[in-house]
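Input: structures, listed below.
Note that chain A is present in both complexes that follow, paired respectively with chain B and with chain C.
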Partner chain A sequence: MSDVQNKPGGGRIEGGIDAIVIGADAEGLTAAAYLGRAGYNTILLEAGVEIGGAVCARELSPGQNYVDGEHLISILDPAVIADLDLYRHGVSYAARCLDTAYFFEDGETLQLGGDLQMAAAAFDDEEAGPAFQKFIAEVFEAAAFCRPAFEAAAAPESDIEKVMRAAPRNLAARLNFFSLAPAQEVLDAYLPDGPLKTALLCEAGFRSAAAPHEPFSFMTLVRRWAGEVAGLQGACAYPQGGAVAVVTALRRAAQAAKVDIRAATGVASILIEQDHAAGVELEGGGQIRAPIIVAAGSARRVFMEMIGAATIDIGFQRAITAASPQLASGHLHLALKGVARDEKTRGHMSRRLVYAPPREALRRAFADARAGRVPSDLMIEAVFPDVLDEEIGGDGMQLLSAIAHPLPFDEAPDADRRAEIETAILANIEKFAPDIEDRIKARALRLASDIAQSTSAPAQDYAAPSSIIEQVALARVAGSAGYVSGLYFCGREARIGAGLSCAAGRMAAKAALFEVKRGGRAA
Partner chain B sequence: MTATFDLTVIGADEASFSAAAVAARAGASVAIIRPRKRKNMAASYCDMPNFVWRRLDLHEYGLSLERISARVTLGPDGATVTTHEGVRETKAALAQSENADHLLWADFVDDMKALEAGRKLRDAATAAPTNGVAGFSLFSGGVRDCAALGQATGSCAAALDDYLGDDALKTHIAAHALGPSGLGGGEPGSALALSEFFDEHAWRVRPDEDGPSLLSTLETACKDSGVEFFTKDLAELAREGARQVVVSLVDGEKIKTRYVLFASPGAAQKAGMGASVCPLAGHGAATAVLRIALKRPMPAATPDDKAVFQILDGAGDLQIARDAALDGRLPDRLPVEFEYAANGDIIVRTAYCPASFRDDDGWREWTGQDRQAVARRMIDQLASRIPEFSANVRKTKIEVIGAASPDRSPVFARSGFAGPGWAGIENVIVQPNRHNAVAAAVRLVDRILAGE
Partner chain C sequence: MIFPAEDVIVDSPRATPLYAAAASASEANIWTSVNGWSLARVFTSVEKEYHAAKNSAAIADLGALSRWAVRGREAAQFLSRITTAPAPRLGVGESACGLILDGDGGVLDLAEVSRLSDDLFLLTTPTSHARRLQLGARGVDALGEDICEAVAAIGVFGPRASEVLSAAGMKMPGEDVAASAVVRGVETAARPIQFGALPGVELIFPAADALTIWERLVRRGKAGPIGLDAMETLRIESGAPRPGVDFVAADHPGTTMRRTPAEIGLPHLAPLDRGWYNGRRGLRYVASRPERRLVTLSVDDERSMPGAAVFAGGKPVGRVTSCAWSPAIKRVVAFADVARPVGAKDYEIAVPAPGEGRVAAKLYETPESALAKAFREAQDAVSDRR
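Moving on to the complex of A and B:
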């Protein structure tokens, strides 16, 4: 029970709360659930009316929904699933380990099993096979080793250092190479030229602002392969009901942990008293007081608007406000006429489909997108959700969800620009699904600005993330929450890698709990 | 019997000799292998940082040096921007030209110099023969280190936008900071080149015309310190056991050594090794150096013959040029740098050439025609800024560093495991283009000898 008092100047002051979480996206829900489970009286405040942030179901045509924001799960933190009992709260996989079919410009195709280690072992090529096995083994080892660095945004510094220092010498040299080198150079060092290399080059540049020929870009792949789905490293899965099911499960977990979720409750400012977070002032005028505040959402909004530049360290401000993104990915969802019935076709469609442009085209695409032009060649990752998940099926229609990368980042693209982007994405989808244009019944193009608008966040929050090293550096800075004690941050700047992860929410909550245990000010 | 050395330096430039001399003075046994064809047209000015000067006691050799006087960018329509080594001097010059950024200049330079994370990253990228985790452990620094790391791994354009407002000044700095390595300014990691540019030792000096040349002085210093010279071409490098490299020379002589150092990508390429021209950025671009002998001395329009000049229309041209070079094309507006040699010749450089060319039939190697085309374009660029320049050209000579065969140098690419800056064999280290090759080479040698 919370105590409610009348504040002299109107509004109410609410006390008796242990923790406030601002922003009910996946990270915020995760943090709230952790705090709730630890027995803290927790309130989760969401400015919008929807719970779940960018990941939600939207209608494409009557009876046919698509999942906005994300369509696959690849770097979801396994610790969150275990700690919050997400399987019990409804997470299950419609496709546990998706095979990938790569399509190339020359019409060639390549299929890789979802279990990359097995796929490498079974790779049928005299030269590339053993090289691929060595590559996977060495990158997987490095990726597993780096995992703490990718989640430990707010963790005590000594932890990461201890882990990193413990690296054996040959692994250390490899980590050095992997973290600094362009993906292209690493792949050249391991693999012979061929479709496999083109495919992996594409994976390394996918959804990242670091082009595969530029420094630090190999880390994008290392980060992805540090992820684990259903116990399988580097895999991709499609959850029953889509990525939105994960968010729903997180919400249930939070509710089960007795978190008080309040939608349509915007936070105007965070109260700082004697350099310690003391509570929040609501947009409606009331106050809620609590010794722990976890903020999800945009760092600019949290620190520059809710707290104010005057209270925040200058270096910290620079770090969170410096970047202006140039690249973004675009999501295109299509409702297609006619449903494939025969098993063989459905088998082909139950994969992750990737169009991988050749090396030079990819380089040009990044250069074009960075210069603000829509590239003619785009990497495409597509799935047919209704083939993967029987429950989605619309009547007589097929759903296709695709992510295209790299696109120029626009704060507010006009209609012409949107049409240009849509045409470019469709042209690239046509390369592996010919004549798809004629079957389109309904379409939804979701650019960074659209997704941002639905969560009332700035568009740049949904731009392509910069190089992983930059992200790790920024996450460590953002994790320090501007040196305001009692405040923990798990917004975009605290996340590393593209995709639904929830690690930042977990780490923010863990940091808060750690601080309390150590005898900081708390309930 | 095969001679055995701790360190073998391959190359015949100032950076190689300085590195060898410093290593020998520190007690290592050192060999220098210099190719028999000694051609060093690129060197006019050379970096000679104070600390190397002192460690080699160069004043005892009767050497005197003059400093670069200024860095100048010749923009379109006769606009120029000039900066000096001294922060105050530049600040005053900016204030005089009513550039609002003079207020921020000192802070900007300080912040760039303080980008310690940048130095660590560069060091990790260049060579870390035994302690590879050096680069990665940057993650484990404090929050402030991380903020600096974020800045250093970001783009040059973002760092400049963060501090400065004037486009001409930003173009000027981008041109001088990125020009030598052929970076575009928008890519991750290009901020590193910026921080290195402001590193205190990045200013170059040139020996007095009458005194002994720097190179011959360094050669003497090497011999005085007991460095052994082999004036022969390199035939092959091979690894023997876990810790030794066998260097085979053309006449069949072999040297065993612990480490092999190429102090510049040019040295590596002359020895037939693949080399990366850009720090961190891998291969893909080449550097062209053109020496122009003039019919008459330059007109008084450019009296400052001790400055380094860049010709660039706008900062965006760097990125366009880099994209073109990586795409296998020669950029239309080629950013060039030039300076005067001691004898009045003009030395023009550009790092924005493709490593190999791409046309309708696919990739192909450099041809004599390409060299001529580059030379022409470089002269055109100068002619666009200096009146009646084309008519004044008497003789030209061009050299291309970093040109690669389309399928890439086998040593470089098929290394099994190599880091950037590595030549593919463990303990063979190739230094990419640096702002200050001598300082970088000497620091590298220090780290190698310290067992890092």
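Moving on to the complex of A and C:
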């Protein structure tokens, strides 16, 4: 129960609160749930009316919804699922371990099982098979070893240099190679030329601002394979109800932990007294005072606007405002006429479908996108959600959800630009699903600017993340929250890797709990 | 204000506006380069210049220091952000010393701020921080202008400094307030400064009139020039650490010598209970556990040199960072960077020649170190009460 007093200015001062979480996206919900479960009187404040941030259900056509933000789960933190008991709160998998079908420019295809270690063991090629097996074994070992470094850099054990220093000698040399070398160089060192290499090259560049021929790019793949969704390393899963079901479960977990969730309650500023976070001032007037504040919004918004440029360290300000994004991914959701009925076709559609352009086309695509041009060749990852999860289909239509990468980052693309992007994505989908354009009944193109608009965040929050090494460095700085005692940050800059993770929220809450336990701040 | 370390490599140092005057006064003709500017190390003899500054008055070319005019509605807040000097609390004409810290509380440089009017300040630093000032101005209504090329500066040090100024036609309104005057038609600003323990005045005026002012101080004020070597002795005697020599900037590439204000003996320039400054929050985390200490030693040997190992209780605890022969105490005075837990008063210093062994060194209390000690005790007392 909170204490409310009248503020001399007319607003209210709300006290008796232990913790405030700003931003109700997946990370914010996670942090709030952790704090609530620890017995802290926690308030979760969301400026918008929707809870869940970028991941939410939207209408594509009457009676047909799509899940915005993410369509698959690959790096969701297993500790969050276990600690918050998300299975009890509704998370279940419609597809636990998706097989992937790769399509290439020359019409060739390649299928890999969802369990990559088994897929490598069963790979039917005399030359590439053993090489693939060795590659998977060594990358998986490195990825599992680096996992603490990818959780969130606020924790001391996540210092990537420390993690690497602790590695045995042969693994340390390999980690060094993996972290510095371009993905192209690593793959050349392990695998013979062929479709398998093209497919993995594409995986290494997918949803990252680092092109596969550039240094540090292999870590994108290492980060992804450090994920252990549904108990299987490197797998992709489709939750029942889509990624939004995870957010719903997080919300339930927070509510079960007695977190007070308040939508449409924007924070104007964070109150800092004697270098300690003391509460927040609300946009509508009034204050809420609490000794712990966890911020899940963008670092620019939290530190530059809610705290103010004049009272944050210059180096910190530079780190969080330095880079202007150049690349982004685009999401295209399609409602297609007709539903595949026969089992064989549905079997093909129940895979993760990836169009992998050739090496040179990929290099050109990154160069074009950086120059502001829409590339003709794009990497595409597509799924048929209603085939994976039969509960969401209906109305005689088939849903297709695709993510295309790399696209130029536009703060506010005009109609022509949007049409150009949509045409390019469809042209690449056509390469593995011919004549799809004739079957489209409804479509929704979601670019970074669209997602940002719906979450009241700057568009750059949804641009493609930079290389993993840069993300780790940035997360380390952002995770320090400018040394404001009692303030913890789990926004985009504290996250490592693309996709729904929740690790930053968990680590921010854990850091707060640890600090209180150590006697730093009494809640 | 202290000069930074001399340049190791510089192709062709620039001439300060006072170079011609300094060159004609230089009998020794020994030069060095600081921040890319030519400066005389010795004019006549180190000892003569030292005694002149200590007992009478000496003038020095301060043109190699970095100077910025900071203007704007939020100039004071901007300077508070850049330095630890309490700029918003300064009245017009007042000056304050401070430090420039990075976000983790590591020392980058020394700084001195003077308020010239409500919204105009002068920032003086040993090295240039152009990029930092540019970054710090983001989101703040203030503008910093580099005035190094446009102005010349002369430091007048010693007990007779005010007499020299009076003879040259300048009068200071007070001991701690900056003033402006017209000397032979040249608009000149004067502000009180401290060089180590010596009181002094810094004159700042347009570069084009540099020689006029210098000549007037020499002819009417009867002040002799002082070179960097004599100033170095005065600096070490007073316990003022030199950037790039006694400590390395925390952002220096590859440095392992990150130092906090307490570790360089200047904790009083960055108090934790002062208003906001860059690095204060980071400093709060590290201030309570300084790992090193910069101490001033008097050494019983003339052969000590920077880099020599320092021992306490027979164990190596640090190294000498700078040293000079002090004509006043007839010994070598040295700065040494030593491990913090050692609370020794007696040290030994390894002499460079092989087989020469070690020589005795004692802690040398300076006004600066006494101030730092008193400040630390006061801060500890406050923390104990909390």
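In the analysis below, the second predicted complex is superposed on the first by the 514 of 523 C-alpha atoms of A that agree within 3 Å, B and C clash if a C-alpha of one lies under 4 Å from a C-alpha of the other, contacts with A are read in each partner's own complex, and residues count from 1 in each chain.
Criterion: a contact is a pair of C-beta atoms (placed from the backbone, for glycine too) under 8 Å apart; a residue touches a chain by one contact, two chains touch by 3 or more.
Only a predicted model underlies this, so the values are computations on that prediction, with no experimental measurement involved.
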- [ ] Identify the partner contact of A:A172: answer first if only chain B is touched, second if only chain C is, both if each is, neither if none is.
- [x] first
Open item on the list: One more residue to check, A:A149. First (chain B), second (chain C), both or neither?
Closed with: first
- [ ] Based on the superposed arrangement, let me know which partner A:A309 touches: chain B (first), chain C (second), both, or neither?
- [x] second
Open item on the list: After the superposition on A, what does A:F216 contact: first (chain B), second (chain C), both or neither?
Closed with: first
Open item on the list: Output check: A:Q184 vs chain B and chain C. Expected answer is one of first, second, both, neither. What do you get?
Closed with: first
Open item on the list: Just checking: does A:R318 make contact with chain B only, chain C only, both, or neither of them? Give me first, second, both or neither.
Closed with: both
- [ ] Kindly classify A:Y34 by the partners it touches after superposition: chain B alone (first), chain C alone (second), both, or neither?
- [x] neither
Task: Touching both chain B and chain C, residues of chain A - done: 315-316, 318
- [ ] In the complex, go through chain A and note every residue touching chain C.
- [x] 275, 304, 308-311, 313-318, 321, 482-485
- [ ] Give every residue of chain B touching chain A within the complex, in rising order.
- [x] 121, 124-125, 128, 130-144, 146-147, 149-151, 153-154, 158, 161-162, 186-189, 280-284, 319-320, 323, 326-328, 358, 408, 413-420
Open item on the list: Please output the residues of chain C touching chain A within their complex, sorted ascending.
Closed with: 74, 77-78, 81-82, 102-104, 132, 135-136, 138-140, 276, 278-282, 284-285
Open item on the list: Per the contact definition, I'd like the list of chain A residues that touch chain B in the complex.
Closed with: 149, 157, 160-161, 164-165, 167, 169, 172-177, 179-182, 184-185, 188-189, 209-211, 213-217, 315-316, 318-319, 322-324, 326, 360, 363-364, 367, 370-371, 466-467, 469-470, 472-474, 476-477, 479-480
